[in-house]
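Take this structure first; my questions come after.
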Amino acid sequence: MPKFILITGRTAGQGEALPKGKESEDYRQATECIEMNPVDRERLGLQAGQRVRVRTAFGEAVLVLREKELPEGMVFVPLGPGANALIGAETRGTGMPDSKGLEVEVEPLCG
Amino acid sequence: MWIENVVCPFCGCLCDDIAVEVEDNRIKSVKRACSNGRSVFLHAPTEARRPVVDGKEVDWPDAIDAAARILMKSASPLIYGLSSTASEAQRKAIALADLLGASIDSTSSICHGPTSIGIQSQGEPTCTLGEVKHRSDLVIFWGCNPVEAHMRHFARYSVLARGKFTPQGRKDRTVVVVDVRPTLTARNADIFLQLRPGSDYEVLITLRAMLKGARLDVAEVGGVSVAQLADLVERMKRCRFGVVFFGMGVTQTGGKHWSIAELVALAAELNAHTRFNVMPMRGHGNVAGADCTLTWQTGYPFAVNFARGYPQYNPGEFTAVDLLARQEVDAALIIASDPMAHLPRQAAEHLNRIPTIVLDPEMNLTARVARVVLPTAIYGISAVGTAYRMDNIPLPLKKVVNSPQPTDEQVLDWIIERVKT
Amino acid sequence: MYINGVEIEDAFAEAFKMRAARLIITAVNPRWALIAAQVTTGFATSVIACGCEAGIEGTVPRDETPDGRPGVSVLIFAMGSKQLEDQLMRRIGQCVMTCATTACFNGLESDEKLKIGKALRYFGDGFQTSKLLPSGITEDRGKGGRRLWRIPVMEGEFLVEESFGIQRAIGGGNFLILGENSTLTLEAAEKAVEAMKVVKGVVLPFPGGIVRSGSKTTSKYKFLRASTNTAYCPTIRNQTDSALPEGVNCVLEIVIDGLDEESIREAMRVGIQAACIPGIVRISAGNYGGTLGQYHFHLREILG
Amino acid sequence: MGCISCAGFVIAMSETDAVTLRLKEPTTIPIEADSICPDLFVGRSQAGIESLPAFYGRRKVTLGDLFTVEGENSDQVIVEGALRYVKKIGQRMTRGRVVVRGDVGLHLGAYMRGGEIVVEGNAGDWAGAHMQGGRIWIRGNAGHLLGAAYRGEKRGMNGGVIIVEGNAGREVGALMRRGLIVVLGDVDEFAGVRMITGSIFVSGRLGARAGAGMKRGTIVAFADHAELLPTFRYDCRFQPTFLRCYLLQLHAWGMSIDDDRLEGFYRRYHGDLTTLGKGEILIYDQR
Amino acid sequence: MIGIINGEVYDPQNGVNGQICEIWVENGKIVPPPDLEKRGGAQIIDASGMVVMPGGVDIHSHIVGAKVNAGRKFRPEDHRDHVRSRTAYTRSGSGYTVPSTFLTGYGYAELGYTTVMEAATAPLTARHTHEELEDTPMVDKGVFITMGNNHFIMNCIRTKQLEKARHYVAWLLGASKGYAIKIVNPGGVENWKWGRNVSTLDDEVIGFGVTPRQIITALAWINDELGLPHTPHIHGINLGQPGSARTTVETIKALEGRRAHLCHLQFLSYGGEPGKSLRSGALEVARAVNEHPNITVDIGQVVFGQVTTMTSDGPLQYRLHQLTGQKWINDDVEGETGGGIVPMEYKRRNWINAIQWITGLELFLLIEDPWRVFLTTDHPNAGPFFCYPQVIKLLMDRDYRAEMLEKVHPRARKRTVLAELDREYSLYEIAIITRAGTARALGLKNKGHLGLGADADIAIYRKMDDKEAMFARPYLVLKDGQIVVRDGQVLHEYQGRTLYVAPSYDPGVESDLRTHFEECYTVSFENYPVAPDYLPRSEVVSCT
């Protein structure tokens, strides 16, 4: 299973959807996705728009795959419930969890 | 009716030139705001909502009573959030924490908490955004993405803005972006340095060493060639007025506060050659205010605990993620934040186990699990108050529509009175 | 009093107060530790003209040295702490630091200390560093423990302790071996030196531990404060007030510097006993009539 | 791991003379128990010890409320029970010995000046913060910021010895000014960050960014590999005599030292070049 | 009604010098002694053996605002061991040199101070300052507004539109709810934004074509024209530099008789040549002050120990950062001012620090008229405010002073006249330099005295030989006629008033200002002024 480096962060879509409420469809769409570059996507045999299972040492999430210009080996997940399921709560004495740079596995959702 | 010079409370830019059209106590349209800001104004809830206790709608006195009982019964309460409410409410929240002997933390701890720690070891050469607008000829965005997160930052303050000594705006500036991926911000850069994820610290410390003239044994650092770094150092030394804006790309990766300390040290040392400043890109509209109010009332910007009757400070100990993940709190009061949506799941789950009180204009994920939900007016839209911009400039928030809900400040006052009696 | 037929004269050795330091010199192997120790204690027979008196106290096995390497223990004596400091600076600086692979540690626990390593460190030209080796759990606030200076040298690093303890010590313990001929007298003296090696806390500063040119504290020449011990010189026995009994044709002296009276006493005891071989007539001791030194070592008392 | 190890460790302590505290109820509510300090137990009766203050969350209580106490008037202390949420044990102690049977919470032995603390399990973050003397011996793992400085302070540990038989977290010995930290297992990133001087020995894996910003001092990696910052430069391969002195001292304290580490060669790197650059990282490189 | 009887009263404004007299208080004011009938119902405070003074008035201290708060934020090490627990009536807090707001209020009251002036706030951040003042209990307070590097003013000076500048200043004071004009390193702070400074009164301000001399004289003129209660409050050029004594004297001369207050004069009274070693220039400066009755000063006395230096003088703070290697905050404020913060420690055995300590004391003792020299430590720059009692002891007790002088670095002792100055301040003079004189210089007619109609802000101290102990722990403090402190402990929280001025101006200036804001600021003209509701209790002090 190839490992990717996970980066989380703000996006315009997530920011714009936030005021519409966490339970709004816009917010769900804006946050429950994962971005990957086309090379990696093809190597994994995945399609844009497909749902994938994303897993770290701390948890997993089911997200919708999107294609984006990113360095190879890196995936991006917007801030939100999806990202939070993936990052750990250990802050290593800083108060800040390691929200970027985690190793993740991405696999197609079967069934 | 158009209301002019409205301050948008969405992000740390606090753009104060927004025009809002209001009719029948509803916001009809918004001028000059970015898409985020527009969304805030247009989706502001105005319908009346009653407090909820244990899933049942109740009257305010009963809800306040329930909240106060939870807090008084608690041996180790947490007050968390604060960054999307006015400083007046933040001050009340701190007063309540002091009264209770609670822990209090703002969302700073998961955005620029490491920045505060870094500043505490190194200081912070900084300036107001107007200084950047008027003087900057080298602007570096490091690990931040204003095009998506602070959409009018370029135009109002940093890149396109024309100032007294930067009459040509964009043409007068060199824009450098340092990030791990080609963000929309990076597309606007003159120079883009794409770092290997998690190597900000290495690159920063290398830049410092190069500025000092140290000889190094390496050819590349963090995926960037030493030649490129040398070029950046030269540009930094030669510019007239430089500034580094930095975001969570720096604060949330490995080095955390030590990366900030290096960034600050680099900027400070550049002042031997030219003028150089740094500024954190603060996210929430009044997260800077949370730092300010906590600091003037307790001495510390976040991660404060009053258990012993006086403030103690320790990130990693009194920060929300740690307190929740280690299950060290037995009640929580969440103000204008949604930790169920924003904290790591392991930490957020504890809010399910303990009685939680939520003050928020909206029904959010935390409110879903809360024992007591106290719906309040929304700051800067249906409540007045003060908010602090990312450069700590205080701005007055307007009330553009009336809300049937009380403000955070009022509700906290009620809780304080109830706890006192 | 007689031992093995050798007369022990009812005399006393007169000794005086000195200040002493003990160096533990270690090196990659015993050979280099010894070379360093020999050079360090070279030209240190008498304070009269050498500045100090010094000698090798003994070897120190690996498991007793601070760095676990073979070591040699050296004692250095001088008339006062100022002179001692000066000599330690010179000798550690010129003889130990220069010697391949060595390190130099303090071997004396004492409240009185000389900051030798602290001064020598400047040889490092700004690149010297120090380490504070913790000693145990009772230390309070970083006090205690030993500070070691690391001075970069061409071979690697010279390690020298910051402070060397010094203490009151005694110089000038001695006895004289009066023999029938030079062969037997030297043999007796060698036997004495060999026997005295096992005694801790003493050194014999003269060549091979033996001195032939014993002195008295006067001279006919104004510019000289000491001159040959005429009373014990056999070649002029009838031109002077000789102290030599009949049949004595050679005298050798053994001078002992020690950290305390007890160790000198012990050294004299084993030394004299070893020296009492056939061909030796008498064992005596050097003194100045009790006017000069604070310590009197009475031979018969020691051996009694 | 294994180049330095600790096989037998005997606590010489007469339990009959000691004061024993046993936590009554396990809890996740943080307890601040800086009154568990040998200095305060000397000259106090059992009742006197029981009445010393402590904090259970925001509630001011007494040690007697939280612990059963046996014994009196002794600077030998044994603490037992589920202590993971008990903070500040042995803080500012100057004498005696505290033995913790099991895991313990944050700030163990912070500002300690003398005496000894032995933890038979794991210790939380900030153990030995600002320590000035004495010894802390942790048989299990230590948390983050072992022997470090609190936020904003200019210097951290200023003397004494910390020994961890297991692993330690991030920022071990941050801003260390003096003293010795020995970790027999692995350490996380930023060991010795901005250290002023002092010594940090790591027998297992030395994490990334060790010695970042260090002015002086020594970090030794006894494993034969460590990833260093670009602001450290290689100098030479040599046999540091001073290190033998330290290893023998550890040996005297009951640790077994691999002969290769004693007699072997070390690669020396100096840095951090953004500061004085007088610090050094020594990495073991065969015999 | 409260009557304070049998006390030894020091009320210099009314010429009362230690006489035993009664002070009567009602409705927050000093009132005439009531008739016998009313006396019966009054609360009587027997002040036998005690000294009664007006409440202290601090003319220069940094207690609130962006800069102070940044100082708090970046110095957790300052607070960790200096905490105050909450009580049923008071808030908790922390901090030593930069205490949290509640602690600051309590701390001042517990010294017998009832009025404190925050010495520097950028108008752009005034809203913040007022928010903090609301959380600073016990004392009345005011804010000085920094104007010495203000773009609008400098533009007016260049274009010779002083009238416009006058209206702007009036507007600005009202908009920021300020009390006085503050000038900090005029021109130097603006030049620092290009990495430069000024070193003479006639250096040019880059991009503006004006000089420090022009800025000072223009603002002094405006101050007089507006009839502001206080004078312009000036932190001159070359602060901390050898040779600053000369520029200070030049500044006094440049004022040509106009009223002005020179703050923390100690830092600006060093002799020697620029770049050379420091020595006291107190003789030279004190002579100039003595010769110019238009000038008042406060000292900024150094107290040995920890401090946090913080000024609007950006280049100075950068220099301190470089000298000490300590962490450094710089804060340039658009179009208005700048600032910096550096932690420091003054040490007895550091000869430069010792010279600074000596220079301050020399100024205190050489400036003859106590009505023109005031006690400050420029808190927290030269020492924390709660060290005032120590400074009082140094001034009142020659032997103590000599004893302290013996303890400082010998190199500093060599060239000082301090040992020869045997002046000792009397209680009457202490009352002047800590309340009567400062109130008069601030133009606060109801403060600093105990005459009829004055605010009933009163401090009662037990008379003791050790003046440090005496002033450190008042027996009682009354604020607006209420007993708020007993035996040096705050009894309950009390919200004081914010004092500000609102001079009238020509509204026509506002159109110019709109343009100015559009061009120069990142906030709009409408969102700039501080609305009155930021001042929960306030009092407008009238201009003449």
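By letter and in written order, the chains are A, B, C, D and E; residue numbering begins at 1 in each of them.
Here is the rule we go by: contacts are C-beta pairs under 8 Å (C-beta built on N, C-alpha and C of every residue); 3 or more make two chains touch, one makes a residue touch a chain.
This structure is a prediction, so every number in the text was calculated from the model and none was measured.
Enquirer: Which chains, if any, touch subunit D and subunit E both?
Expert: B
Enquirer: Show me the overlap between the contact partners of subunit C and those of subunit D.
Expert: none
Enquirer: Count the C-beta pairs in contact for A-D and for B-D, then report the pair with the higher count.
Expert: B-D
Enquirer: Please identify the chain with the largest separation between its CA centroid and the CA centroid of subunit E.
Expert: C
Enquirer: From the Cα centroids, identify the chain that ends up most central relative to all protein Cα atoms.
Expert: D
Enquirer: Give, as an integer number of Å, the spacing between the C-alpha centres of subunit C and subunit B.
Expert: 75
Enquirer: Could you please state the distance in Å, as a whole number, between where the Cα atoms of subunit C are centred and where those of subunit E are centred?
Expert: Centre separation, subunit C to subunit E: 72 Å.
Enquirer: Distance between subunit A and subunit C based on Cα centroids, please, to the nearest Å.
Expert: So the centre of subunit A lies 79 Å away from the centre of subunit C.
Enquirer: For subunit A versus subunit B, what separation do you get between their C-alpha means, in angstrom?
Expert: So the centroids are 22 Å from each other.
Enquirer: Please output the residue numbers of subunit A that touch at least 2 other chains, ranges allowed.
Expert: In subunit A, 92-93 touch at least two other chains.
Enquirer: If I count partner chains per residue in subunit C, which residues reach a count of at least 2?
Expert: Not one residue in subunit C touches at least two other chains.
Enquirer: Give me the residues of subunit B that touch two or more other chains.
Expert: 117, 120-121, 254, 306, 308-309, 313, 315-316
Enquirer: Can you list every touching chain pair?
Expert: Result of the pairwise touch check is A-B, A-D, B-D, B-E, C-D, D-E.
Enquirer: Taking the complex as given, what residues does subunit D use to touch subunit A?
Expert: Where subunit D meets subunit A, its residues are 125-126, 143-145, 169-171, 188.
Enquirer: Spell out the residues on subunit E that touch subunit D in their complex, using ranges where they run on.
Expert: 74-77, 80
Enquirer: Given the complex with subunit B, which residues does subunit E contribute to the contact?
Expert: 64, 66, 68-70, 72-76, 78-80, 83-86, 91-95, 98-102, 124-125, 127-128, 131-132, 135, 151, 192-195, 207, 318, 321-322, 326-335, 338, 341-342, 519-524, 526-527, 531
Enquirer: How about subunit B: which of its residues touch subunit A in the complex?
Expert: 10-11, 35-36, 39-40, 42-44, 105, 109-110, 113-114, 117, 145, 147-149, 151, 180-182, 184, 194, 197-198, 248-249, 251-254, 256-257, 283, 302-303, 315-316, 319-322, 324-325, 338, 340-348, 362-365
Enquirer: Would you tell me which residues of subunit A are touching subunit D in their complex?
Expert: 92-93
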